[in-house]
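Handing you this structure, nothing more for now.
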C-alpha cells in the first residue's frame, strides 16, 4: 500500500440521461482521510464513484492519482482501487467461501476464516448466497475489505442493510485502513459514529 | 481476482446451472429426432442430410447456451467488478468463452455417436463431422459472446442478440457442412476444414477485444 | 421508343405486372425514404426550436 | 499538415457547414439521373431477345444491389474509424446510412424476387447471390435494431461500431462461402453469369441509372447526417444559432 | 393490483419490447434459412421437410420467449408481489400465458406465407400447417411456463422436474409434423389435429395450477 | 380501512435451511401501533414478515387477524396487507408511472401525481426504472403507501437507501397511517425519529 497515495478530481462534469449531475466539481482525497459524499437521492453520488473507476465516462474533468494525470490511462488507478457498488457483485450461485475465493484467490485459509469469523459468516461459509439474508449478502461483499490490499476504497452505501454491530465492525475497519495511509471515498445517508470524515455535498 | 480464480468460478457456476447445459442438450436431441420422426425415417433421406441436420441442431443449441451468458453477472454487479478488477478484460472474456465452450461442446460431442447412428451417418464421415465441430464451434462461441455482451443491458435481450449473430454463423455452417458433404462424396475436404480453423483463429483474435468493448459499454 | 402503342407499353408482352410492380415497389420505397428523411429533419429543427424558445422564456 | 482534413472531418460543426450546400445539388442531379436512366430503360431500351420485357427490371435491380453492398462497406469503414480514432462523425454517418442500405437491400431482394417468378418460375431459390443479399439485409436490420435499442448515445455508438466492424470482416467470408457452397453441390442450374452480352443501348441507361442512384443516395445520406448532427450537438451555441436563424 | 392491470402491464412490457416482436420474426426467418443453407437447398429436400423445419424454428422461438418469463420478475421482487396480491395465482399465470402467446404466435403466423414460399411448401398444405400451429402452440407455452417457473430460483430438484417437462414437447412436435406430413401425402390428418387440441386443453387445465405451485415454491 | 384491525401471532416457529430462526414467538399488533422488529443480520426479520404473508410456511404457529384464526385460510389477511420486501417489486422496464399504474390501477391521475410530487419523482414519471438511482427506485416502491388502501403494512427495511428527507416523508406517512387506525410492522436497523414504535427483538 502506498502510504502517500492521493486522489484529486478537478472540474468534473457528469451527465446522465440528458441531466447534468455535477459540473465543475473538484475535490481531493488525501492519505489517511475518509471522504464522504453526501447528497439526496438521485444527485449523482453513485455516478461520481462510477466515473472515478471509469465505468461511466464524464464529459469533462481531470483525475490525478499519485500526482499523475490518469484521465486517459486509468490502469494505475483501477489497479489499486476496490469498488463496491449498489449491486455488490456477489454471485448468487456460489457459496460464501467460493465467492471470496473468486475475488481474492491468493489469501490463505487462515486469513479467509478470520475474515469470515469477524463478519459472522463462519457458519454460512458453505451456504449459497441465494439463501443468505440481505445483510449477510452485504457482508460477503464487504469481506473483500479484509482480504484485499487495495489502497483506494470506493464504497457506495456500504452501511445499508448492515445491523448496528456490522456498522461498527465496518467503521473500525475503515478507521484502520485510513490510519495506515489508505484512501476511502464513501457515500452514505447515515451518520458515521466512529470515523471522522470530510464531506463533499452534491446538490440536485 | 486473478485469471485462474475467475476461470474457476466460471466453471463452478456453469456446474451449478447444469440445468441450462442439459436444456441445450435436450434441445439438440429434439431437433435431430425431428427429422426421422417428422419427415422421413428412411436412410436414403437421412444419410445425406445427416451432417447438415446435426450442424443446424448444434448451432441452435449453442445459441441457447450462449444467450444468457452475461445476464446474471450484469444484474448482480459482477460485471462491474470485472471491469474494475484491473485485469485485462479481453483476456477474461477469452477465459469465459473457453469455460462455456468446454461445458457445452464436450457433452455435445459425447452424444454424437448416438445421434449419427440415428441418422445413418456413414461411420467414415463421423470423424470428419467431429472435426468440423471441434474446429468450427469455437468461432460460434466467440461471435456469440460479442452479441451476448452487446445486448445484456437491453430490454430486448435475447432476440436481438440472435438476430445480430446468426448472420455471422452462416459461413461457419456452410463450410462445415460442405466438408461433411465432400467427405461423404469421397472428395477432399481439407480446404473447408482449413477455412473453419482460419475463422476460429480470426474470431479468437477479434472477439475478446470486441466483447470487452461491448461489456464496457454495457455496464455503465 | 421500344413500344408501338401506349397499352403495349403498359402490358409489356404479358410481363407488365412484373415490371411495373418492381418499379412501383422501388419507387415507393425510395419515396418513403426521402419523405422520412425530410420529415425527420423538419422534426429535429422544430423540437430544437421549441426547446430554445422555452429556454429563452425561462 | 496532410491529415488536417481528416481531423476536421471529425468536427460536426465543420462538416455541417461544408455539407450543407451539397445536399440539394446531389439530390437534384441524382433524381435527374434516376429519371433519365429509368425512363430510358423502361421505354426506350430494346427488349431482351430471351427474357423479353422483364429484363427492364435490371435498371433498378442492379443499382439497388450495388448500393446495398457499397453502403455496407461504408458502414464498416466508419465503424473502424470510430473504434480506432473515436471520430465523432463516424457514428452519425452510420446512423444515417444504415436504413438506406437496408432499403436498398430490400429493393434488390424484392425486384429480384419479382424478376425470378417469370424467369425461373419461382420467387426464391437458394442461390449464392440471393442468399448473400438476404444475409446482408439481416445485418442491416441487426445494426438498426441495436442502434435504436440503446437509450444512451455513447453506448449506441460503441455497440453499433463493434457490429459494423465485425460485419466488415465477415462480409467477404459470407460471399465466398456462399458462392462456394452453392457451386459445390447444386450445380449452376440458374446461373446469373450466363447472360447474353449486353448491347450499348442496354447498358448505357443502366450506367446512367446507377450513377443517378449513387448521387441521390449521397444526397440523402448528407441530409440525414445534418439532422443527426443538429440533434446531437443541440447544446452547442452554433446549432442554436443555426436553428433560430433558419426559423420554422 | 387487479387482473386487468396485471394483464395490461404484461402487454406493456411486451410492447416495450415491440422491437422484440420484429426481432422474433427476423430470427424466425433466420432459423428457417439455416436449414436450406446448412443441409440442402434443393426443393426436393426442402418441400417434404418444410413442416418440420418450420415447427423446429417455432419451438425454438417459443422457448426463447418463455425462458426468461419469470427471471426478471423473480429478481426484482414482482413475483413476491403477485403471490401476496390476494389475486388468484393460477389465474394470473393463465393471463401471463395468454399475453405471451398473443405477442409471440400472432406475428409468427403472419409471416408464415413468406416462409412457406421460401421452403417450397405446397400451398395445399399451408393451411394445415397454420392449423397445427394454432392448436399446438398453446400447449408449448403452458408446458414451458411450468418449467420456467420451476427453474427461476435454481433450487435443487428443479432440474429433475425440468427433465420431466421437456419431453412433453416431443409429442406435440410429432403430432404436428405428422399432420403436415399426412396432408402432404393426401392422407387424413384430423386425428393428429385432434390430439394437438386435446393436449392444449389438457395443459390449459393442468398448467396454471402447476405454474402457480412452482412460483410459490420459487419465491420463498 | 377497518379501524379495529388487529394482528396476533402466537407460538410461531420458523425454520430455514435447517436452522431455527424463531421458536415460540408471540406478539400482537394493535390498531394505531407501529411494531418494529429488531435483530441482527440473519436473525429472521425478513423471514418473519414473509411468514405472515404466507410466502414461506412456518413449521408451527397460529395467526389471528381481526380476531379470527387465519392460519389455514390466509385470504382475508393477504387482501388487506401491503408487503414490500427487500426486493421491492418494481419493474425495471416500466416507467415510474406505469409501475404505479400496474400496482394501483384504480387511482385517479390527481392522486398519482400528488404522490409522485410528494416523493420527488414527478420529473422522472416517464423515465424507465432502469435509469433511476437506488433511492429513487425505492421511492417508486414506497409510493404504493400513498396510493393503496390496505390496512396492514409489512415493510422490510423501508428506510434503506432513502436520504434523510425521504426518511422524514416516510415516517410522516407511517404516523398518519397508524393514527387512522392502520397497523404497521416494519424492520429496520436505523432509529426512528418521528414515530414511536413498540419493539420485538429477534435473537440469533
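List of remarks:
Residue numbering begins at 1 within each chain, and the chains themselves are lettered A, B, C, D, E and F in the order written.
By definition in this document, a contact is a pair of C-beta atoms (placed from the backbone, for glycine too) under 8 Å apart; a residue touches a chain by one contact, two chains touch by 3 or more.
Chain identities (UniProt): B, E = Heme exporter protein B; C = Heme exporter protein D; D = Heme exporter protein C.
Worth saying up front: this structure is predicted, and the values here are computed from it rather than measured.
Least step count on the touch graph, subunit E (Heme exporter protein B) to subunit F: 1.
At the interface between subunit B (Heme exporter protein B) and subunit E (Heme exporter protein B), two copies of one sequence, more than half of the residue numbers in use appear on both sides, so the contact is built from largely the same positions. Comparing the CA-atom centres of all chains against that of subunit E (Heme exporter protein B), the greatest distance is found for A.
Here the two chains linked by the largest count of contacting C-beta pairs are B-E. Distance between subunit A and subunit E (Heme exporter protein B), defined via averaged C-alpha coordinates, is recorded as 45 Å. We define each chain's centre as the mean of its Cα atoms; on that basis subunit A and subunit C (Heme exporter protein D) are separated by 56 Å. The geometric centre of subunit D (Heme exporter protein C) is 37 Å away from that of subunit E (Heme exporter protein B), both derived from CA atoms.
In subunit D (Heme exporter protein C), the positions touching at least two other chains are 131, 138, 141-142, 145, 149, 151-152, 154, 181, 185.
Counting partners per residue, subunit C (Heme exporter protein D) has no residue that reaches two or more other chains. Among all residues of subunit B (Heme exporter protein B), those that touch two or more other chains are 16-17, 75, 155-156, 160, 163, 166-167, 170, 174, 177, 220. Of all residues in subunit D (Heme exporter protein C), those touching subunit B (Heme exporter protein B) in their complex are 83, 131, 135, 138-139, 141-142, 145-146, 149-150, 152, 154-155, 158-159, 162-163, 165-167, 169-170, 173-174, 176-178, 180-181, 184-185.
Those residues of subunit B (Heme exporter protein B) lying in contact with subunit E (Heme exporter protein B) across their complex are 16-19, 22-23, 26-27, 30-31, 33-35, 37-40, 45, 48-49, 52-53, 55-56, 59-60, 64, 67-68, 71, 75, 155-160, 162-163, 166-167, 169-170, 173-174, 177. Put simply, subunit E (Heme exporter protein B) touches subunit F in their complex at residues 1-2, 4-6, 8-9, 12-13, 16-17, 72-73, 75-81, 83-86, 216, 219-220. Residues 50, 53-57, 75, 78-79, 81, 83, 85-94, 98, 101-106 of subunit F are the ones that touch subunit E (Heme exporter protein B) when the two sit in their complex. The touching residues of subunit B (Heme exporter protein B), counted against subunit D (Heme exporter protein C) in their complex, run 143, 146, 150-151, 153-156, 160, 163-164, 166-168, 170-171, 174-175, 177-178, 181-182, 195, 199, 202, 206, 210, 213-214, 216-218, 220.
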